[in-house]
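Heads up, there are several structures right after this.
After this come two complexes, each holding subunit A, first together with subunit B and then together with subunit C.
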Partner chain A sequence: MTDVKDKPDGVGFGRVIRKEDARFVRGKGSYIDDIVLPGMLHGAVLRSPYAHAKIISIDTSVAEKHPKVKAVITGALLETLNLAWIPSLSHDVIAVLATDKVRYQGQEVAFVIAEDRYSARDALELIEVDYEVLPAVVDAKRALDPGMVVIRDDIENKKDNYIFDWGSGDEAATEAVFEKADVIVEQDMLYPRVHPAPMETCGAIADMDPISGKLTIYCTTQAPHAHRTLYALVAGLPEHKLRVYSPDIGGGFGNKVGIYPGYVLSVVGSIITKRPVKWVEDRSENLMSTSFARDYHMKGKIASTRDGKILGLRVDVLADHGAFNNTAQPTKFPAGFFHVFSGSYDMEAAYCSVKGVYTNKAPGGVAYACSFRVTEAVYAVERMVDRLALELDMDPADLRMKNLLRPEQFPYTSPTGWEYDSGEYPRALQLAMDIAGYEDLRKEQAEKRANGELMGIGLSFFTETVGAGPKKHMDILGLGMADGCEVRVHPTGKAVVRLSVQTQGQGHETTFAQIVSEVTGIPVADVEVIHGDTDNTPFGLGTYGSRSTPVSGAAAAVASKRIVEKARLIASAMLECSPDDLEWTTGRWQVKGDPSAGKTIAEIALAAHANLELPEGVEGHLDASCVYDPPNLTFPFGAYICVVDVDPGTGKVKVRRFIAVDDCGPRINPMIVEGQVHGGLADGVGMALMESIPFDEDGNCLGGSFMDYLLPTSLECPSWETGETVTPSPHHPLGLKGVGESATVGSPPAVVNAVLDALKPFGVKHADMPLTPAQVWRAMQGRPMRTDLAIQ
Partner chain B sequence: MQVPAPFDYRRATSVGDAIALLQDYGPDSRVIAGGHSLLPMMRLRLARPEVLIDINHLTELDYIRVDGSFLKIGAMVRHVTLQTSHLAAEYYPIFAEAEAQIADPLVRNRGTVGGSLCQADPAEDLSAVFSALKANVVIAHRSGTRKVPISEFHTGPYTTILEADEILTEVEVPLRSNTGSAYEKVERRVGDWAIAAVGAMVRIEEGLVSEAGIGLTAVRADHFRAKEAEDSLVGRPPSTEAIAEAASLAATHCDPFADQRGPEDYKRHLVEELTKRALSRAMNRSLPEVH
Partner chain C sequence: MQVNMLVNGVEVSDDIEPRLLLVHFLRENLRLTGTHWGCDTSNCGTCTVWMDGTPVKSCTVLAAMASGSEIMTVEGLATDGELDPVQQGFIEMHGLQCGFCTPGMMLSARWLLDHNPDPNEEQIREAISGQICRCTGYENIVRAVKWAAAHSQKSDTREEVGA
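What follows is the complex of A and B.
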């Protein structure tokens, strides 16, 4: 167990027990499905059994006669409200309910509202839909073949399944580097479609008050404010009459960023029935229809000198976006931050291209702890570096050491224009190698290999790219990515902090109280965190892409600093001295040279609310706010080492050890950081070894339940070995960098590199994730499988 | 939340009562034991019985005992009970080995031996175990009981010889001297169904294999059994060659198909590899000094 006792004063950073755990471990959390409103009705969605089919007719008459059914909504009804289609997060549209065609299996076709959820489900079976089945586009690599059926014939003049082309970096310079390189290695690789699979599925309760016209939407959202504004823009609802309330959320991982048809249908349902309408999807609905992640087919090419100096990298991506382009990312970046793919290495030139295509699969993308496609980027470069090491017959650790950016190169401008804020990369890698006992592991591996045993050691070094983002570069649907924060100190010295971001289990109620505490000296226990309710919090874009600490955490730090500065002025009035004569010690302003004369923040707060005559220009009360527009992103990093044993007879992989050294700047609460890292590492093991959502040739989703979509359990996870280095960010007010997604980003390539290292005696160079026993065995036979299609 | 279609519920008070209820309610009624197969199917609406007849309170079917020359296991024995039974393990270590790899502790706490066999899932583990042990199942009906060898119980995926108003009450396994048994399973992840699994039983008398049982699951082996492989072992001294030959026969005579657990060639390979492993462990255990 983590020792949580090293924080006796209860002030500021350090290991303190999570405030939210008191209710979670007692089963007293309040999630969407725990909320019951008077008169509440229940909705259920009828979904398409086909991946691609024309809707000939929908007959809801029998369902409507079900004694407990209140209403049945179809696309035709939504069309009359102009709500059949809504804007996607990527300048496309998505269907709320299909009107013309269904475009993926599981797509929403009709919505039943009934007295209880059983009746709603029963009534779904009474709806008759007549479909004309069309061929499905399943293989992204063939989506642009001539004559392919056109998925998006709703778009005027659309003649193919093409979405976009985008590139970053200097293509000519990169090609020039390849010309002069001694060694060039190419590798095709797939980062398969995976799903965030949060423990709690998505859901909403819409409650339209017919008298006041106020609509409250209780919703599993990671971004309540962004949702409110989008509802206002899309549905023409007045924003002041809209309240989005995000209660406890059972995991998000990006799955709960977007607006799903079910949310919109609950709203329409409440408006129609004049009663609250709850909709909560089931597990299969969540897996089959909500935002997936990845699905990048990547062609990598890396160039180096004979002695292993990396010169350049090129990656060409075919991106499968599913039936609607609904990836969540800043407007300017259709491939998210993928172009940070040159990773942690010093190289002359780099270029990437990304081509997006439509397929008959669920839309979404960029969900799942990926920091806007940094996950794919890190996987690409870390696999390419290992492929290069194999080609050069060099130890992958040596090759990385030789090419890692050096501390003196920071701030470093990457070949595609990113400015990395700070880093001491070789130190982190060395620490990971020391913890692992790298030399000894290699010795052991050599001995095992001599006996025919398969042991693998895999490394990855990642540079994360988080804290989106500077308003001048980044917006989502026109909304700048800045976040507000308000801190108020009550007369008795207790405080409340209101946030625009929304926790999904990360522990914001604790860490944000610690940020305020660190700056103001108010004990953590005395700071209340309010979030998730648009009526009671300032505007901001929400929690995803590891942005809460770098953006909202900065806002909280700045607002807290403003409190301290205001307190100084008030203290000077109280102590009848000049503010310049005061010095700050934790929680107290005192007279320089006379520590006995001072005022604590609590005394100052009381005075600020009392009849003290305040200095010129100082208003009463002790509160402050901040809207933080980050000057740059932050760049956490880490070095990971994975050790695996592979059963040569069955192909089964056992992860024996996993060493993770993370540098996220100073740690607000090391226990929570470790928890985030542990979770991300488990995610990584899952993606590397078992998670995938393939589709058969008819477009049937083969990952639509937890019997098919496998998540790792504790038995697949070793006891994690974590370490840290601390390199503060120069531009964050507290030096913090964010850590939420680091381990998810960094761990998959370490696991894959380890397995492939184990298979080296078989001449295996690459096999795509997930490295299931079958895939490993097939790789050993020289015939690895495609993991995006059904196994043949 | 996935919710089942409407259904009615009756609690049976005895085996006779359960059979009477099955007769009263006809083919749309269904016995429910641990519910770990039936309830998921009902939630997905793949099964929609109109009446559930609950046999969870029939403690008369919850026993593991030695009776004459048989180890007898009641249909309502939970996985966890069989997993931890010293009596069963004393005769056949295959039980504890297989059970430890069936599903997860939550499922094992409720799921039953009878439910597992009656579900007749083509990847079910206990079918391979009982096939290897050449067990018999006891079936109760309106006018008495009948006993059939396990090799005749399953008639195909999800189907058995049970009539709509019959229930399985017991599985009986012959006791054998100088016998070893073992179970080998490969799954994609703990709690997943087998990609392939092999159960083996070998009896060695006077230096020769006198009886062999090889059960296979998840690879469409006829009646969960590798008959040709079993036959090839009988009368031969235990040896690596004999094992290899049997393993190869087992791999040839099953009929696995590709699914997301793996392609056909891999599953066939697994059958061979796991048959080797299970047989050699079973043989080692059959040596008198070990037993």
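What follows is the complex of A and C.
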């Protein structure tokens, strides 16, 4: 029915410029800090200078006397409201404002509400806090040492810094494989703490109407509906009196999934002052206190035959979760989807274990385009495959080709129980190698090496796991992850589509219009997308983990198909024929064998609203909705090749080329897909080479500003070379898989593998990210450093 | 204290605190919210505007220092409602995603093209290297500037405001 060929221009999938750009290029976007409400006050957060300290006393009396200050909120006040602590999404609690202790540098201690932004900041200086400094737990590897100070003494009977142990796969079978293997390679590696650092920081405006009791929360949230329900559950606020409104968002990347203390404080502030309260964090607050990502210390072990057939893989992880277990992720597993770590390869057995510990660092853990730890999983397997290639003295491309899953193995059940939907892996790798000119690159490298020049070629092949998700894998505090969509065709044939998900730059206003258009034949220009406002959109859990297209996009497709089916019945009444006698061409039902007799979707929409006698059981109007409960996750994949040159004098890495072949199924809008891939590749270069948040022995965060936390600019990024293959997913109504996170997941190991390939003449087997000049230089001297600690 | 300046060709004057940053003056006092704010350390460039014809980071300029100057913000890029080729280029080549860095990027791009109408890729990358985009990986920004170069004509008003 929807298999429409030869669509007219302006209908359906294809390269279309974005609807949202018209306002953005004029400077007319409306981001959180652009919103001003009448009578609005400004909040600012006082933060802890210490990583670990007892709070002896807090004196706010001077601050309260500041002429512009309206209120000062402390943890003691929140305790009276039962809001000093709130539940995390990971069976823990987080402090909104510290009451007993501060547990990381930058933790929230007090909240000032004042007439203007500058005065609120001024008043922070007037608050006196008396701290008793405690030793800080900085090194995750020592968090469980006997006698180590206990961070979470708020938890009854807590005597250590242990959070959880979790494993997946068949440990005995994996060990048996290692017993018989010819070759075993082991490697320790760290995926260091990084931060999403969207260009817009997080913020909120809470506006409590004291008369109606309605609370509107304008907020930088990727998941407005989830936030509303959580506010209702946690604060006991009546859900029908809560409206969460997500305006334009200046980038999210996972940073804007969770509920931060600042949001809650704005709400409390508005209730107390009876005026709207805005809170927008500054960059240091963003980097030091909001959700980080990764921080996985991984021990990999891979087994193979002598000729390079991979037999098994084991990864044991020590996970640094910071001071609270607050990974904002919906999976039922404490390590998210890490157990897809067997990656894209056929192997007999695999096993992973993850141990979580508390440290005196900001909480978080999965933010930053990671599909819930798939990033770490892909890094682990792709580094291990390269380590194996080194050991076997085999070309890493040959080793991958030999072990990639073959098309006939799909749907494929992985050793840890995932059902991969579809894939043609060798084709994607071959295409990437063809674009790169792989053979020639290796020749060039050999020549360069002979001259003492350091050139490296790195590969990675990734399988993503997105579209969260089926109820068997995930929920958020018991809420399933189905997403709703409503499509309404107005009498004149123009449509409005309402979404549960929220764009942060992905271009939903365009791509969801294209989905509706693709199915209904209504031109993209005639479809308006409404999102971000819980009062005006159906329920759903939001945009993260590349789930919009796989879940909400599926809902939009199904709702649109329902429109077309309903239109068929109405057309049959209009044409006085049987529905079976009609056939669909783009945007029109026509009589089989008589194309001149037909009705366009606009004509049908008008009839559906007019006085036409409708067939029995058909209601008026032309609307449909769908709540889509995904039957499976989707598994986009790709093959990446990175070429680097390393300066032997300074250790500086130059990314010369990057080739990315992505398969995300059919592309709604190739221009937007490519743009997302580009952005993710830049992220990968950043993480692999630059982004770093180490801590000193006192727990001071050394990555708390853009002077220290370096993001890639136009000069560190090469001109990206992209390619595509298209393998539709059988588990999505339009075969779509999602792409937002693919490149962030897939690119870091390619860059690292390339740098280490360049350093091969030095006998370097591994060095942890970020591969800064200092780290590369040290690796060349045979002593790469730990990148999570400032003191070695 | 009193400040006066010409913002996008319009005379403005206001009584402000001496410490007020230009970025906040533009955004809050004048409600020109197309100029963004993204860091505390002059690294991100989302706050870029033109001051007397030169791009500056408006988070690093006091409004008082800008008194007597001519300022151009993203809201001043279009002429009589017609988009500057740079703006059109960003749309055509998908040079923006979340749009947060975009105003600053476009203002640097316009300045580059006014001084070098046919820049090569390296020159474009150099011109925007003081600004961070977290979404696009820069590729399509470079393409957008190239598109604009191919479709550019300097407008008279901008020459007056500019250098």
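Everything below uses one rule, namely that the second predicted complex is superposed on the first by the 780 of 792 C-alpha atoms of A that agree within 3 Å, B and C clash if a C-alpha of one lies under 4 Å from a C-alpha of the other, contacts with A are read in each partner's own complex, and residues count from 1 in each chain.
Please note the rule applied: a residue touches a chain if its C-beta (ideal position, glycine included) is under 8 Å from a C-beta of that chain, and two chains touch if they have at least 3 such contacts.
From a predicted model like this one, the values you see are computed outputs, not experimental measurements.
Student: A:450 contacts which: subunit B (first), subunit C (second), both, neither?
Tutor: In the superposition, A:450 contacts neither subunit B nor subunit C.
Student: Can A:694 be said to touch subunit B (first), subunit C (second), both, or neither?
Tutor: first
Student: With both complexes superposed on chain A, which partner does A:56 reach: first (subunit B), second (subunit C), both or neither?
Tutor: Neither partner.
Student: In this superposition, which partner touches a larger number of subunit A residues, subunit B or subunit C?
Tutor: When the residues of subunit A touched by each partner are counted, C comes out ahead.
Student: Based on the superposed arrangement, let me know which partner A:610 touches: subunit B (first), subunit C (second), both, or neither?
Tutor: neither
Student: Once chain A of both complexes is superposed, is A:777 in touch with subunit B (first), subunit C (second), both, or neither?
Tutor: A:777 contacts subunit B only, not subunit C.
Student: Between subunit B and subunit C, whom does A:251 touch in the aligned arrangement: first, second, both, or neither?
Tutor: After superposing on A, A:251 lies in contact with subunit C but is clear of subunit B.
Student: Quick one: is A:672 in contact with subunit B, with subunit C, with both, or with neither? Answer first, second, both or neither.
Tutor: In the superposed model, A:672 contacts subunit C only, not subunit B.
Student: Looking at A:18 after the superposition, I want to know if it touches subunit B, subunit C, both of them or none. Which is it: first, second, both, neither?
Tutor: Second partner only, subunit C.
Student: Give one of first, second, both or neither to describe whether A:785 is in contact with subunit B, with subunit C, with both, or with none.
Tutor: A:785 sits against subunit B, while subunit C stays out of touch.
Student: Both subunit B and subunit C touch subunit A; at which residues?
Tutor: 33, 117-118, 282-284, 707, 713, 715.
Student: Over in the complex, which subunit B residues touch subunit A? Could you list them?
Tutor: Going by the criterion above, the answer is residues 1-3, 5-6, 44-45, 104, 186, 188-193, 195, 258-263, 266, 269-270, 273-274, 277.
Student: In their shared complex, at which residues does subunit A touch subunit B?
Tutor: 33, 117-118, 121-122, 125, 280, 282-284, 649-652, 689-690, 694, 702, 707-708, 710, 712-713, 715-716, 772-774, 777-778, 785, 790-792
Student: In the complex, go through subunit C and note every residue touching subunit A.
Tutor: 17, 19-20, 24, 27-28, 31-41, 43-44, 46, 73-75, 77-78, 83, 87-88, 90-92, 94, 96-103, 106, 121, 124-126, 128-142
Student: Which residues of subunit A touch subunit C once you look at their complex with the stated criterion?
Tutor: 17-18, 20-31, 33-34, 36, 117-118, 197-201, 248-253, 282-284, 504-507, 671-672, 674-683, 705-707, 711, 713-715, 717, 719-720
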